[in-house]
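A short write-up of the structure that comes next.
In order of appearance the chains are A, B, C, D, E and F, and numbering begins at 1 in each one.
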Amino acid sequence: MENYLTSLITETPFQGRQLAITLARKSIAEIQTDPETRKKLRSDYATDTQQLIASAQIIALEFQTIAAANDYWRK
Amino acid sequence: MENYLTSLITETPFQGRQLAITLARKSIAEIQTDPETRKKLRSDYATDTQQLIASAQIIALEFQTIAAANDYWRK
Amino acid sequence: MENYLTSLITETPFQGRQLAITLARKSIAEIQTDPETRKKLRSDYATDTQQLIASAQIIALEFQTIAAANDYWRK
Amino acid sequence: MENYLTSLITETPFQGRQLAITLARKSIAEIQTDPETRKKLRSDYATDTQQLIASAQIIALEFQTIAAANDYWRK
Amino acid sequence: MENYLTSLITETPFQGRQLAITLARKSIAEIQTDPETRKKLRSDYATDTQQLIASAQIIALEFQTIAAANDYWRK
Amino acid sequence: MENYLTSLITETPFQGRQLAITLARKSIAEIQTDPETRKKLRSDYATDTQQLIASAQIIALEFQTIAAANDYWRK
C-alpha cells in the first residue's frame, strides 16, 4: 500500500478534518484490500444509519490525534 | 464541501458544544453526500434509541477535542 | 435550545459526574428535539441493558473531559 | 442519589480499578433508577458476552480518568 | 477478588500489552463472577468476530492508560 | 506468543500506522489463539461493513497511543 500518511501536520483545522477522513478510509482499505468489494460495501454503509454513525466515530477518534499533533491550530 | 471548520476555538463551552454537534453532522455528510438520502435517514436514527445513543457518543468525542483546544475555557 | 453548559468547572467530583449525565442527556435532546418522543424512547432504553451500557459509555466519555477541566479536583 | 464519588484519588491502582467499576455501575443506576429492574437486567448482561464486553469498555474508560487523576500511582 | 493490579509500570511495551489483556479479562471476571459461566461464554466470543473486535477495543483502551503510565517506555 | 512489540517508537507516521494495525491484529490473535479459526473468521469480517468499521476504530485507538509516544513525529 502506498504511503498515505507523510505527516500529521496540516495548515488548517479543515485540512486536519480531511486527513481524519482519509485515515478512516485507509483503515478499511488495509483490512479489505479488494477495491471492488470495498466499492460494493460502501453503498451498504452509506445508507445504513448505524454504520454511518460508527464511521463518524472513527473520524472523531482520528481527528483527536491530528488535532493534538497540530496543537489544535492555536497559533 | 464547504469549509465548515475554520477554528476549534470558541468563546464559551456552550458554543464548543454546538461545534461538536456540527462536526458530528458533517462527518455523516462527508460519507453520505446526498442530502435527500441523509434527510430520510435522519428520521430513522432520531427515533431509534440505540442510534441516538451512538450519536451522543460522537458528540462526546468531538467535544473532548474542542474542550482541550480551548483549555477547557478555564480562564 | 437554552444554554445548558455555562462552565465545565464544578466544586466536587460528584457534581462533575452530574454534569456528565446532563451533557449526555442534552446530546440526545439536540438530535431528537421532540420531548414527547424522547419520553417514549426513554422507557425503551432504560430497560434494555445494551442501551443502558452504551449510555454509561457516553457518561464515561463526558466525565473524562470534565475531570480534566477540573484538574481532577486534586487541590 | 447519595454522593458515591467524593474523590478520584485512591491509594493503590487496584483501588482505582474498583472505583472504575463503581462509577460504571452508578451510571447504570442513574439511568435505570429502579433497583428491582436493575437486578433483573443484571442477570441478562452477565451472561451475554457482547454486553459483558461493552461493560468492560466502560470500566476501561473510567479507569483512564482515575489513573490520570492519580498520576498513574507513579510515585 | 485477589489484587490483580499492583502497578501500571512494566519493564517493556510487550509486558504493558500483556497487562492490558489481563485488565480486560479481569473486568469481565468482576461482572460475571462464576468461572464456569465465563469458560462457557469464552468459547462464544472467541469465534464471533464482532465480539473479538470489541474485545480488541478494550485492550486498546487499557493499553492507552498503561502506555501513558510508562511514559511510552521512551527512555 | 512471540514479542510483537519491542518499541512504540517508529521513524515515520506511516510506520506508526502499520504498527497500529499490527497491534489490532495481535489483540485478536491473543483472544482467538487458533490460526485456522482466525483465517476463517477473517473472511467474515472483511466483507461485513459493520465489522470493518469496528476494526477501523481499534486502529484509530492504537494509533492515538503510538502517535503520542512519537510526539506526533513533529520534529
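Keep in mind that, in the parts below, a residue touches a chain if its C-beta (ideal position, glycine included) is under 8 Å from a C-beta of that chain, and two chains touch if they have at least 3 such contacts.
In UniProt terms the chains read A, B, C, D, E, F = Hexameric tyrosine-coordinated heme protein.
Just so you know, these numbers come straight off a predicted model, no measurement behind them.
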item: Any chain in contact with chain E as well as chain F; value: none
item: Minimum number of chain-to-chain touching steps separating chain D from chain F; value: 2
item: Chain C onto chain D, rotation angle from CA fit, given as a multiple of 5 degrees; value: 60
item: Same or different residue numbers at the chain D/chain E copy interface, by half rule; value: different
item: Centroid distance [mean C-alpha coordinates] between chain E and chain C, Å; value: 27
item: Rounded Å distance, chain B centre to chain C centre (Cα mean); value: 15
item: Chain B and chain E: spacing of chain centres that average the CA atoms, whole Å; value: 31
item: Shared interface positions of chain F, touching two or more other chains; value: 45, 50, 54-55, 57, 61, 64, 68
item: Overall pattern in which the protein chains touch one another (line/ring/star/complete/other); value: ring
item: Partner chain B, residues of chain C touching it in the complex; value: 3-9, 23-24, 26-28, 30-32, 37, 41, 44-45, 48, 50-51, 54-55, 57-58, 61-62, 64-65, 68-69
item: In the complex, chain F residues that touch chain A; value: 12-14, 17, 21, 45-47, 49-50, 52-57, 59-61, 63-64, 67-68, 72-74
